[in-house]
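Here subunit A shows up in two complexes: once beside subunit B, once beside subunit C.
Then we have the complex of A and B:
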């Protein structure tokens, strides 16, 4: 959760303790629901559920060193005291030592991203290990990755290259996973989505550690991608915004030698450099590349809308590029927060937000 | 113009990766020259490189199970490519348990070296990762820029001390000074010296041995006239030396350097199937 946002939202409910986080640009949301079964004792007091948020750093600070915690802590008590405005974390350790941490919290509205996995056109389920092994081939610094479906039920992962990066200077890595690697695969052919790798990697390491299969629900570009982990004691959702593609044509790109991310079996591609060499011999090689239909232009297209606004949102989406689209760099900050631009501009008022909260930050 | 190669043996792959890692540490961009029997990684002594130059030669047969190339023309059966070795290093990094690695020169939207790694997986069709590394094809008219450098007319030639030792010495010296003096004589003695306003440090190495150079037509061993105790020295940028030493992941079979007093230091590192020459010019 700390990879997603700076604040931890806690919401005790009858079905368990829900921990959530959202990033500053509202393009990533994660929630962990721990069922009462997970706890030795679980009580929600009072008729009104108390929702609060604490700074992520403070909360994490209590659980700083995992190995030493495992050795010394016998019990951990989490107590929400609304009257004192305190979240109490008490660690009962060996030798009668008790460490009590009092965290100040702020009340808040429910943080809930709107998403519907049922309406997603594509779903796939794979063991976390398979996806982790796939992701390892991409550099740690890679920001975005594109997940696509190909022929024969194969799934591809490719590093996303920005529009303003020079295609002649960027290395492109692509990985193919066969249908058999997945526990289930129900995907719309020829679809692809691009999302941020950082939060996904965070979820993957949790999934690997808990040995749970990961389910990915996705739809058209621009619609959010939902990752879920589910078992008896914990239910996890990670919702990420995806890059939208203003070209509504879902057909495979024209076969004129442009980058074809739609798969051809890796061996089968032209390696004829004769004509290229002829050009190079006479003068410096060809200059401008034809515009590639596979690198979509960026539009500020956050994934989700408020339930009440959904109708309006639908219409807005169809408009395509919102007039006054901010230049690509600004858009970056809207989608991917402070990772890439130092203190990027806050979303324009007309932007659809992932989840509204009533407290003004 | 075609190039296709394949590595199946894991040990060869590992070895090749290590060579590429070394090259990647020495040069941000370099030239890859392919001939029917060898691969060369070349860095010319341009100002942009800080005057260093590199010549690394590998016999393809020692690494590749399959190797086919067709040069630019029948009488010039070679290919010269400009590439960023770091990309190649990255592509090979996660391929260390691969079933096979294929490298192919392609031209989809621009010339690329496509590295296709076939990974072991539970599925029958296997997992394939492809890395498209953009390369620049160097036209024939520029090939003369990349000729093998000749061994300079050196004053002293000496075997290097254990690279690990040398590396740790140089690394510590790097914190104190930007330049280092390498001096050696024909009695097998070498000193590494730094000198600043506050401190001067010298590390002495003895009994290193001096390689015998067969005197050809141009006598390359002026050793006969030279006083064996007299030191030839050159002051070089310490970072360049450190880069060279840091990039060595395996101990070479032979490691030596030739010093041209106040001009240039020429390092030769020989492994069984790879030879690396690195030239560091003396600072003005």
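Then we have the complex of A and C:
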């Protein structure tokens, strides 16, 4: 929960103790519901349910060093005292030592994300270990990851590359999980979603430690993705916003159509980028691409006159582009590589340009 | 070791000369009191005492008795000088701080008297280093006037139990409050920080408690920033004795066992934070 937000929301209910967190941009929400079974003793008193929140740091400060906690603490008592506005956490430790923490809390409204797992088009369920082992291949600093469904029921995980990243300096890691790795798979083909890795990793480490299978419910890009862990004593939900990208849905089928001369996506890195660029270039005009400021600069003028003109245009685009767009030469090689696709709107002149640019072979 | 037997400087024997086969026996103890750079060394026939003070409220003393040294000689009744403890520690650990089994740095110290530098000869694996550290006029030291007859409460605990509590002290609290009482909570450490208050209670019948002599309920607060450095001494020690007197002055005595099984002591004295005298 600390990977999600800075405040811990506590709500004791009849069905258990609910701990929740939300991030500052409201794009991630997590809740842990610990059933009364989880506790040695669980008593909710008082007519009014008390909802409060405490700063995450103060709460975590009580449980500072986990390895020593496991060895020294025998019991933990949690008391919510509305009269003195204190959340009391008492740890009974080895040698009769008692540690008592009185944390100040603030009353608050119910924190609840709106989501409905029933309405999600795709669901998959895998042991946490499988996903954890997959995610370990991505660098710790990676912000977002794209989960996609591919041919043969395979699931892909790919790091999300910012549109304005330089292809020369970008490393794309993609891995595919076979259908057999999943406990259940009911996904809409050709769908993919991009979400933040940080909160997901947090959930994965909990899931691995508790040895529970992870269920992922997702829908179209832009709709939240819901991760659930469910068992008799704890119910966990992590809801993350996904990147809304109008191109990502149609991409796979289109890509196959446009770049049929290229190998299929999973096998070859450059082809992936090219097919992606192809889609970008062939589908939409400049006006229809809100997600990235660089799109308008990349797509226009697919079919201009002579090579010279093309070059100039490339340069113009380069000048007008946001910082971080690739240098003109490489950019052109990708750009025109995609233009060469059969069925694309480009006429002969672009072919001439390709001949000039020896890198694009 | 022919180098050791050469007297340096004038023909007179140095005011203080000592040699130690394992410099770590000294550097470890000095680190336990290193919260300020200025340290006063006080040498008598019984041994060496290194004192560090801060804010006129706290004083730490490291005692290295003569028996710890392989050779130890003091010419006058006592020899006193002030020295920069950082530099002294850097020199003592000049061959590195990692302790490989079997290797140790041998040390010889010489001090010729007022105005002379402290000369250190350090040897490890045949390599010899000579360090000369300037000494200063010793400042007057605080006398906490803490004598055992005035002790009101005394507890001896195994350090193991306190280490975690001290390491995890809520540093957003300005004070560390200590309650010692013949009744519950017996011995309690409390902090009052930004998140709220935290208490660690040690019952009198705990396995950690080696001695419990509390006659009166006392609660005193001490500035946490002053006491926090004592965590270093606590980490090295096996036992700690906690005593308070009628004025609320605190004495912490740490028993430190070195690699050869010899015992040395480090002591911290702290005066209470003003205003709060009795239990809340």
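Just so we're on the same page, the second predicted complex is superposed on the first by the 247 of 361 C-alpha atoms of A that agree within 3 Å, B and C clash if a C-alpha of one lies under 4 Å from a C-alpha of the other, contacts with A are read in each partner's own complex, and residues count from 1 in each chain.
Keep in mind that, in the parts below, contacts are C-beta pairs under 8 Å (C-beta built on N, C-alpha and C of every residue); 3 or more make two chains touch, one makes a residue touch a chain.
Quick caveat, the model's predicted, so the values are computed rather than measured.
J.: Quick one: is A:104 in contact with subunit B, with subunit C, with both, or with neither? Answer first, second, both or neither.
T.: So A:104 only meets subunit C here.
J.: For A:151, decide between first (touching subunit B), second (touching subunit C), both and neither.
T.: neither
J.: Check the contacts made with subunit A and report whether subunit B or subunit C touches more of its residues.
T.: Of subunit B and subunit C, the partner in contact with more residues of subunit A is B.
J.: What is the contact status of A:136 with respect to subunit B (first) and subunit C (second): first, second, both, or neither?
T.: In the superposed model, A:136 contacts subunit B only, not subunit C.
J.: I'd like to know which partner A:190 touches here: subunit B for first, subunit C for second, both or neither.
T.: A:190: touches no partner chain.
J.: Please work out whether A:45 is in contact with subunit B alone, subunit C alone, both, or neither, and reply first, second, both or neither.
T.: neither
J.: In the superposed arrangement, which partner chain does A:174 touch: subunit B (first), subunit C (second), both, or neither?
T.: In the superposed model, A:174 contacts subunit B only, not subunit C.
J.: For A:61, using the defined touch cut-off, is the partner it touches subunit B, subunit C, both, or neither? Pick first, second, both or neither.
T.: A:61 contacts subunit C only, not subunit B.
J.: Where on subunit C does subunit A make contact in their complex?
T.: 161, 164-165, 168, 170, 194-203, 205-208
J.: For a test of understanding, state which residues of subunit B touch subunit A in their complex under the given definition.
T.: 1-2, 4, 72, 84, 87, 90-91, 94, 104-111, 114, 116, 119, 121-134, 137, 139-141
J.: Which stretch or stretches of subunit A touch subunit C in the complex?
T.: 54-55, 57-58, 61-62, 64-65, 68, 72, 86-87, 95-104
J.: Quick check: in the complex, which residue numbers of subunit A touch subunit B?
T.: 133-134, 136-137, 139, 154, 167-181, 257-260, 266-267, 269-274, 276-277, 280-281, 285, 289, 292
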